[in-house]
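A, B and C label the chains in the order they appear, each numbered from 1.
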Amino acid sequence: MPEMNLVQAIQSALAVTMRADPDVVVMGEDVGKLGGVFRVTQGLLDQFGTDRVVDTPLSETGILGTAIGMALHGMRPVSEIQFSDFIYPGFDQLVSEASKYRYRTAGEFHVPLVVRTPYGGGIRGGQYHSQSPESLFIHTAGLKVVCPSNPFDAKGLLIASIRDDDPVVFFEPKRVYRAIKMEVPEETYEVPLSEAKVVRPGEQVTCVAWGAMLYEAYAAAEEASDQGVDVEVIDLRTLWPVDLDTIVASVEKTGRFVVVHEAPQTCGFGGELVARVIEKAFLHLQAPPRRVTGFDTPFPLTHEREYLPLAKRILPTLMETARF
Amino acid sequence: MQVIRDDGTLDPNLDPGLSVDQVVALYKAMVRTRVVDDRLERLQRQGRIAFHVGSLGEEAAIVGSAAAVRDQDWIVPCYREVGALLWRGYPLQRYVDHMYGNAGDPIHGRQMPDHTFSKAHRYLSVSAPIGTQIPHAVGLAWAAKKRNLDECVAVFFGDGATSANDFHAAMNFASVFQTPTIFLCRNNGYAISVPTEAQTATRTLAEKAAAYRMPASRVDGNDVLAVWRAVRAAVARATQGGGPTFVELVTYRLGGHSTSDDPRLYRDPDEVDAWTRADPLLRLQKHLHHRGAWHTALEADWRKACSAEMRECVRVAEETPAPALETVFSDVYASRPAHLIEQQARALAAHNPDREGS
Amino acid sequence: MTDLEFKLPDIGEGVTEGEIVEWFVTVGDALQEDDPMVEVMTDKATVSIGAPCEGRVVALRFEVGQVAQVGEVILVLTPSDKAGIDRAKRSSRPSATAVGELHDSLPGAQLFATADRSSRATVSEEPEGAHFAHKPLATPATRALAKEKGVDLRRVPPTGAGGRVTEEDVLAAADADTGQAPADPRDAQGSTSAPDPREERRPIVGIRRKIAERMARAKATAAHFTFVEECDASALVDVRRKYDLEASRQGVRLTYLPFVVRAVTDALARHPALNSAVDETTRELVYKKYYNIGIAVATDAGLVVPVVKEADRRPLLDLASEIERLSSAAREGSLRPEDLRGSTFTITSLGRQSGLLATPILNHPEVGILGVHRIKERPVVRDGQIVVGRVMTLSLSFDHRVVDGHVGAAFAYDVIETLEDPGRIATGFLP
């Protein structure tokens, strides 16, 4: 089995899906000749030609709006938005159109669209190359939101997303695009949507994270373990619809809940998870659920490592929660 | 461009050569649309439906365009084009049920009235944000091209939409990728209260197409044959691989923007009077009289028939109950996720407390 | 005949009232459906409203110039056609989306209308015998336990942080209530034996749980063998005494431990197998090219093992002060996470009650551990004479899976030789 990083795994997912299904097309800014600014689509143009790997004009509205049209015709477009920070011109198309088409036509039409977009900080990207806007899309009924942390999941989740009949916003953790390598099958496989994964079993605190922050949560959990606190770490993988059962089962065991995300705290997805944990597992709680998140500020450059909820910020929260 | 002259005769150079029967069919569809419209507006005033957005005065632009595209072609509506959907044979009862949001409404009362669609009639779904449908039409046409299908896509939008982001993105994509898309700009003079001359600094809307190197025409939108001719030419270009076409249909919104609007607050009555005299139905009626294919008795019979049909649909719609509350929770996703199952259970319990105990 | 009460509809997406501008009908007029009845001016538009059915006007409820609320009856009709009668007979809501019921559907609309609203809430009375906080502090889990045990939290003396009632408090209170030992909630999942009132159960948590797991894992994984030998510490005692005062002038307390650490790092350099760890997942022996020495420290909470990083590179006095810092931090519970990580070999100082010999358990996944016994005066034979010697016993355990007996012994003797001749530490001449 070959070793792949995230970029290669996503590339592989696109290639195997495009080979199997002529309705899958890749479109976006610089995705063709250049292979994308992160080279995720490198080589696809040579394999599949300009009809299926399309360098589009520079318009997120156009990329997403025309992709919705293609999807309404029965194709399965995979649109790339170069940075999630630049998704907002196309926001209306996702929020007003892609998400609602099935509902407003009672299923006569649906939009099997995947929007791939790199997100997150830690690459010296400042406020316009670092954002984590996942909660905006989670808030929108009708969209699915996926965020893999590692190459194996990235490939399996992307294939599942492309095959899914609903629109999926697929956030790619660009900070770990090339940092994580693992064995990834060359062939097609799916990692099912809406299934979270316990990546580190533990007994005393439940810690939920996704994407690049999973590694920080894991590092903090290991450090907590050295200090005698046993943390269970859950990789959410699909953010919406969320696998609440896995989280609640864990909190029923540990009685303690910490959620980590890069996005700003206020109205971030962490708040929603805390609310649901309280609703579902209130009588099991031994400590107040906590969030470790980005600040309620635009994303800074020089102090990005302070802004990000890195292990050094997660650890004290884990310890305080464990010893509450 | 004008085909039907003011005296009801045709410009022989521009006559698209439609048979009398075809023209009568167009006329009858336009009258039916107006009768339906008129009735719906009255129903709204009486509080029997919540809202209506009509097409008074724009019937030629709408029905003429719908008639000019072929059966396999798609129509992407803005929101005033139910006349096009009815032209394609959509059942009137289903439309009226939709206006009532009752159990017969195909979307279970999920949308405001006048948000129609039908896959069977190759007619996409109306949505309220302005211009968002235009890129869909380009994508739809692009898909047809990629799949080597002989289909083109006609998309309606108003004069106001030409200011929207989505319009420009769509024009650009269509031109760059040469998609078989027909941009039908229904210039009815107003975006709610803002007149076209305050919407744009260009003299016409058609000239905007030049910036995208897209062929364009500007026709009298109250002249159903001119509309038909221009749109049919665009279909021919699209199907021959000539890419997109922009057609500006110059017309006038004789009514309010919707039932929530009062156009007397911003329009000069003289202007409205002038356009009332340019009513597309009167123009076509004159032409048919000229051809000897229509007379007053036929007119009265047809209006009566349309009225009776509408009255019966309203009767049925008013007797049809509201859709089941469960329908609120379906079709959000292909299958219902856990959180929606839970919310549905709570909603049902609150809606009918007895049900919980049973 | 059923009359139809015509209510002012919401004619403009959220309009709440309308002024009657003109009546086109009077009482007694016969109307056809859609005949104009009234002109109404709202916030959004002035519109003419037509008759909903054929009929005769029975009453006008508003004068011109008056304002009617949406949903108020403005006119009453006696319908003459069947459809109108049916509509009049049907509920006030004639269709799925028909408007005119705004006030019915906005029950809180009077919120800002009344100035004087007195609270209807009453203060609940305190239960009899409530001694403690009116609103006791407790986590949800504790509250759940209290509920299960039938314990009123307001009567429970809190012993937890910040005046909080703990689970133990609840169990004690339940015990006092019933005169019996509290049932252990864990019994349901684990042991099924009945609680014995002569026993007290305490959960194994925190550091204790960590110790329990680590020790069990070490014992279950490594194949321990223990090697014990004596060391003549006379010279070492002399050296320490000689420099003790000078060291204390520099603020360092000179113990024997830094000498032991140095002897160990020197010996590890010669026996790399002992500075290694077993990677259980890959079944590899990982040779560490750095020397971080774990120092086991007993604390009130249990055993912790802070680590002297790069011990081989530190001068003796630096070793001494680092060991001192780590030991006191361990006892105060102020160790930093990095103080606890990365040891490659562990020394456990067995203290005053160190006994004759010990069988130390490895600090998993390390492969060697050295237990240092207290230096004692003992009879030793030197040059054929029995003299009073100062003897330090060393108890070493090794993982026999990767450390052969003779390798472990050779390592032990290297450590002993250095300790017996501290000059080697000063000169760097290794045994």
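A few notes on this one:
By definition in this document, a contact is a pair of C-beta atoms (placed from the backbone, for glycine too) under 8 Å apart; a residue touches a chain by one contact, two chains touch by 3 or more.
Since this is a predicted model, take the numbers as computed values, not measurements.
The chain closest to the protein's centre is A, with centres computed as averages of CA atoms.
Of the two chain pairs examined here, B-C and A-B, the one linked by more C-beta pairs in contact is A-B. As a whole-number value, the distance joining the C-alpha centres of chain A and chain C reads 25 Å. One simple way to say how far apart two chains are is to compare their mean CA positions; for chain B and chain C this gives 59 Å.
If you average the Cα atoms of chain A and of chain B, the two centres end up 39 Å apart. Taken in their complex, chain B has these residues touching chain A: 106-108, 110-111, 115, 117-119, 124-125, 127, 129, 132, 134-144, 146-147, 165-166, 169-170, 172-173, 176-177, 330-334, 337-339.
Every residue of chain A that touches chain C in the complex is listed here, in rising order: 204, 223, 225-230, 255, 282-287, 315, 324.
Residue ranges on chain B touching chain C, taken from their complex, read 42, 44-51, 100-103, 105, 109, 113, 256, 259-262, 264-265, 315, 317-318, 320-323.
For chain A in complex with chain B, the residues that touch the partner chain are 25, 51-52, 54, 56-57, 59, 61-62, 64-75, 77, 89, 92-93, 96-97, 100-110, 141-142, 144, 164-166, 194, 241-242, 244-245.
Residues 139-144, 147, 205-207, 209-210, 335, 337, 340-341 of chain C are the ones touching chain A in the complex.
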